[in-house]
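We call the chains A, B, C, D and E, going by the order they appear; numbering starts again at 1 in every chain.
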Amino acid sequence: MSELSHESLLKEFPEAQWDEAAGAVILPATNARTIAEWLLASGWDYCSNVTGVDYLEREVKEKITNDAGETETVTRTEPGRIDVVYHLYSIANKTGPLVIKQRTGREGATAESLTPVWRSCDLQEREVYDLFGVNFKGHPDQRRILMWDEFEGHPMRRDYTEPFDYEWEPTPHAEILEKHQRGKVII
Amino acid sequence: MTQEITFWVLAVIAVLGALVAVRRRNLIHGVFALMIFFAALAGLFLLLMAEFIAAVQILVYIGAVGILLLFAIMLTERVTGDDARDITSRGSFWGWAAALAVLVFLLLPAIQGADLSQTAQPINPSVKALGHQMMDPYVVTLEVLALLLTAALIGAVAASQGGEKKKEDTDDA
Amino acid sequence: MSILGGGIFKGMAVTLRNFVGSYFYKERLITNDYDWRPEDKLPQSIGEYPKEEGEQLRDTTTVNHYSRNFPMLLHDGGEPMDTVRCVACQICERECPPQCIYIEKSEDKTERSDNKAQFYPAKFDIDVSVCMSCQICVEVCPFDAIVMNSQFELSTPDRFGGLLVRRDDLLKSNDYYHKIHPQEAATRDQKMVADKAAKEAKKKAAAEKAKAAAEVKAKAAAEAKAKEEGE
Amino acid sequence: MSFQLIIDILIATVPLLVIFPSLFAFTTWMERKALARIQNRIGPNKIGVPCTRVSLFGLGQPAADGIKMIFKEDIVPRGADKLFHLLAPILALIPAMLILCFLPLEFPWGKFMSGKVQAFMLDSAVIFFFAITGLNTLAIFMAGWASRNKYSLLGGMRAVAQMVSYEIPLVLSAVIVVMMVGSLNAKEIADAQSGFNWFVFSPWGLAAFIVFFIAALAETNRSPFDLPEAESEIIAGYFTEYSGFKFALFFLGEYIAMFAISGLAVTLFLGAGDGPFVDAAPWMPAMWFIAKIFGLIAVMIWLRGTLPRLRVDQLMAFAWKFLLPLSIFNILLAGLSYFALDARVANTTDDVIHYVNSGNPFAGVPELGTNEALMGAMIYRGMAGEQNPMAAKKWFLKAALKGHPASRTLVAWWLGIWVLSLVALYVMAKGLNNLSRSTTKPREYLYAE
Amino acid sequence: MSTTAAPNYELLQQEGLETSLLEISMGPHHPSTHGVFRMDVKLDGETVVELKPVFGYLHRNHEKLAENMSYLSSMPFTDRLDYFNSMTNNWAYALAAEQLVEVEVPERAEYLRVIMAELTRLVNHVTLVGFFVNDLGALGTPLMYAFREREKILDLFEQASGARMMCNYFRFGGLRNDVPEGWLDRTRELVDRFPAFLDEYEQLLSENEIILSRTQGVGNLSRELAINAGITGPMLRASGVNYDLRKVDAYGIYDRFKFRVPYTDGDTGDCYDRFMIRMLEMRESVAILKQALADIPEGDIIGKVSKVFKPKPGETYGRIEGPKGELGFYLIADGTPKPYRYRVRPPSLINLTVLREMCLGGKIADAVVILGSIDIVLGEVDR
């Protein structure tokens, strides 16, 4: 059994990246399943939490040092992405967490399903599929879980807008609704 | 007078019940009609003061046979509806013939032999006497019947066990 | 080797004990007799509920001094709108998680009894059918103007209008607050006094500082002038 | 068949049809109140006398419930078999009412008016009782099937399986009493137990009573055998789709069946109308009878407040693997010990009579209690009126208490047989219990510091 | 150790005898699905041959709501996740948020947090056992006893926080307010009397033959599957894994208390074990409460947190041992007053993963009992 840390993972699979800010390992899209199996074999027996994070396309201002040695501010467009985050623990060694992420684009988002490795991903990956629209390859039973089957769209995406207020009912203040629509009141 | 009225009411119920049991498309309705027939029959027995027979009629025919029939019907798929069962008139000739034969060869002689001018005497066959009869002159018959039933029971158990065993075998293989 | 059915008999002994005990020990009972008054007619809206302060706490078995139910607006006594603490800053409206508060700020400022002109809420409505009694509005209020009431008998037959509590029904005096939540009210008053003192101290300090600064400046100016003159 | 007979029948039956439904109302109140107290609640306590504020411990609650039930909308599911849906509650009530008539319940007015004590003085009342109880099964199945609801169907199937299975131990435990009395007549069974000669006071009678009571619980769908209406699994079982008055009829039928089967238990084992001061007033036997019924119903309520429910396979296993063997064993044991005891009594009788015949009992040293022993022997032989082994035993017991040696031996035998039977029954029950559920027992757990 | 495929139940098919399956949709309105939960069950007679849990009827997208409001504003919404245990929900959220800003929680607040959490555990376990026996078919008697004790604890909660169930009591860096005068004495009195109630409760339940035969050997869950399927809490320990976050993470000040973690040897892992583990855990909670109530110091109740909670960008995952299992909050901050991502790891939902496996082949009555022994609250499952 290798040492339970992200270093051993990075050593074993050099194509995985270490994201210092998030404290997470970003798995390569191709062999996430293989890495997961290796992780399970090396002692990360318990996958606690699975979730998605949606990042819209945005502009990032970065200070870089150019060739001339001057710092200048460059505006760069960061493409939108969806991260599927897994929090791993070891029950046998009582250590953790190891955060691993699968990164995918927003359009036609797909990721490797880790359900065959950890059963606990089953319902949570279904939830990520339901709310974020990430397709999990190899998931045994990928259906909507919280929304009804006929529901369109993925409500946890940040650019999701409600098609209509199907739960609308008259409130004593019609104005409050107007306010809401103007965006003054945050709901 | 009261007795006669009761007899006719019960008789009509019995015949109607029997007819419904035969003619009804809905099987469950048929079974319940059959039970009404049994109940009316039990009433007729009571009218003849044969209360033990009436009790046994209810106990065995309604309580056991009827329930068994219901169970059997629950196991079949189509219970109600138009395609529940087909009542065809095919072979009805033989049916009528059999009914007529029973009437002519069994009932008519019995009716002719009986003295109809007299109403039934209230004989009181006590259960004790019945038991003594059963245990004394007819004990062999009773035992044979009991043996037969036990054998049937054991056979049924064996049959169902055989099925189970077969399943286990396939599981092992 | 346990007795046949021993566990069942043990359980039956427990239930028998409870059966008998419920007649002799009041603390065994789960339920309390609610003060049911069939002659009471259900008010058509919340505003019609009795406003006498004693009435609010008539059922002390379910409501105690710690309960919170829906918010109310505080005033310091006297004419409510004269001493209302709320200045319609709308922080609570913004922070309210279920968005049940609706405030309209007044167009003009009024003179309060403490001779300070302030805005006041022209409208202050709480839709208690939406409110979830979370007390966030109380925490974010910088003026200690909104606190939680413990009145709970609020049912009405009207679903939408009936559960809207208007400003005038929300206004309650600080004395009432002391009555229903004595400990909390006392703490809040202490805090307010302390805050006020701190604020005044700060103001004073600021004023002194400003004065000192002005003095220093004046001094410097004088010195400069003197220097100038000296030259 | 005369007009007088019809009058007699009416006099005997109408009170039953009035008394028991009223008792039903009282029982629902009692059950609610008792369950509430078991659960440390107060129970119904508001509704009392109408139009006043008098609450009378909530005694008006059943009436209010009844009125509500009558005026409630009657809902029949669209796919239901309307005829059977209507018939089922009626069919559930009628047999239950009918079997009340077989109870040896003596109301004084019946006695005064025409000498009729029961609606049907049937020679084979016990058999009739079981026959008609079986009809209840049909009603429940009908309700379950006609509702066209899956839960109802499951409940109906469960009810049929359960009631058919538990009828067997029920009948087998009643057989013991029939064996002892030698009659199926309820009145004769009741008379045989007069003077505290209740069958529950013998080991096999006690075992039979317990088996009978358990089977009766199952037969009336009471907890812990309330599978056909198991709320946590199949909503309300066969009456899921019943509301309003039909539901009330079912409810009534269920409670009347409870009364009836408790009444049978009282008749068979608990001495029917026998009790202290039974001769003090003409209505005492009826009062005792109803009081005993209520005692049994109180135990039913108590059990309902305590126990969870069995699972369907355990229910069947309990009937077929525990109650059935136990009651068959009980019949054998009862027969054997009855014969052994009887032989011993006969022996003692012979001794006593021989002693009397062999010489003048008053000439030599008179043995203590000889007179009592002689009395017992005479009664046993039928020399003093009717032959009555039960009463003879009582006289022998008196003789033994006075110190009659032969009677003492008899009583020693008697006690020995009783203790042996009790032990044998307990061992049998324990063994059967271990066979059917040997693996379930409380467990030990580990702790991590 | 791949445990994806559930065991397939083979229909008993004999030659010439076909049985048809009965499909029942148990729920969303069913007396024993603990809320609006649905089980699509296929029955062969009474045997469950297929079971599909369906949920989402109570879905309100709690996470999306929280992402659109300030950190503090979603605190009252956490109460409504698992509405039996609002205190522990609050704690988990506060713990996660405190990890973002690294605030020091005062001593007294830590003690009060432990007291509240353990009281919550008592509330949860005692009512769960009541509901569980209710599912077994008892007429609510144990449940009523449980509610009586629960009510006493809820009174304490009301006195401390103002509300019985939706407490909303924890704040980032401490607690909202100090407990009122005399509260600790009342709590001590309650804790002293609680073991007597537990004795009575055990006498009523734990040896009852019907309960034993209904629960033992029902819904077995192996240790391997339990770990792999992410089962947590008492259910995991009933399957023979000694894993309690109060010991493992020692969050708060749990390392100061002496208590034991009950678990099984893992041979059975059935409903009886799950039921008994909870009974035993309540005694340990009482032990913790006694120590905490003895040692609690005077002092501040909330640490130094700025009025506008605005953490630096970063992400964190905070988890506690909730009464139902590991309750985690995954927060991503982006420097604004609102969380960028807010995720609840609901133990109720994840413990449901193995429902199908445990129920298949059992009777329909077992399915209800197994669901009861999992201990779900639909507010948390559906969020």
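To be clear about the criterion, a residue touches a chain if its C-beta (ideal position, glycine included) is under 8 Å from a C-beta of that chain, and two chains touch if they have at least 3 such contacts.
What you see is a predicted model; the values in this text were computed from it and never measured.
Visitor: In how few steps can one go from chain B to chain D if every step must land on a touching chain?
Guide: The fewest touching-chain steps linking chain B to chain D number 1.
Visitor: Would you mind checking which chain's C-alpha centre is most distant from the centre of chain C?
Guide: The most distant chain relative to chain C turns out to be B.
Visitor: From the centre of chain E, which other chain's Cα mean sits the farthest off?
Guide: B
Visitor: Look at the interfaces C-E and D-E and say which one is made up of more C-beta pairs in contact.
Guide: D-E
Visitor: Using only alpha carbons, which chain's centroid is the nearest to the whole structure's centroid?
Guide: E
Visitor: Roughly how far is chain A from chain C, centre to centre by C-alpha average, rounded to an integer in Å?
Guide: 41
Visitor: Counting only Cα atoms for the centres, state how far chain D is from chain E in Å.
Guide: 46
Visitor: How many Å are there between the centre of chain A and the centre of chain B, using C-alpha atoms for each centre?
Guide: Centres of chain A and chain B (C-alpha means) sit 72 Å apart.
Visitor: Determine the centre-to-centre distance between chain C and chain D, using the mean Cα coordinates as centres, and give it in whole Å.
Guide: 64
Visitor: Which residues of chain A are in contact with two or more other chains?
Guide: Expected reply: 186-187.
Visitor: Two or more other chains touching the same residue: where does that happen in chain D?
Guide: Answer for chain D, listing residues that touch two or more other chains: 38-41, 305-307, 441.
Visitor: Of all residues in chain E, which are in touch with two or more distinct other chains?
Guide: Only 69, 141, 144-145, 148, 204, 207-212 qualify.
Visitor: Inside the complex, what are the residues of chain D that reach chain B?
Guide: For this pair, the touching residues of chain D are 1, 6, 81, 84, 122-124, 127-128, 130-132, 134-135, 137-138, 141-142, 145, 157, 160, 164, 167, 182-184.
Visitor: Please give the residue numbers of chain B that touch chain D in the complex, ascending.
Guide: 1-3, 28-29, 32, 35, 51-52, 54-56, 58-59, 62-64, 66-67, 70-71, 74, 80, 124, 126-128
Visitor: Would you tell me which residues of chain C are touching chain D in their complex?
Guide: 2, 4, 8, 11-12, 14-16, 18-19, 21-23, 28-31, 33, 36
Visitor: If you look only at chain E, which of its residues touch chain C in the complex?
Guide: 69-70, 72-77, 79-80, 141, 144-145, 147-148, 151, 155, 158-163, 166, 168, 176-177, 180-181, 200, 203-205, 207-212
Visitor: Touching chain E in the complex: which residues of chain D?
Guide: 35, 38-41, 150-151, 153-154, 158, 223-224, 226, 230-235, 304-314, 437, 439-443, 445-449
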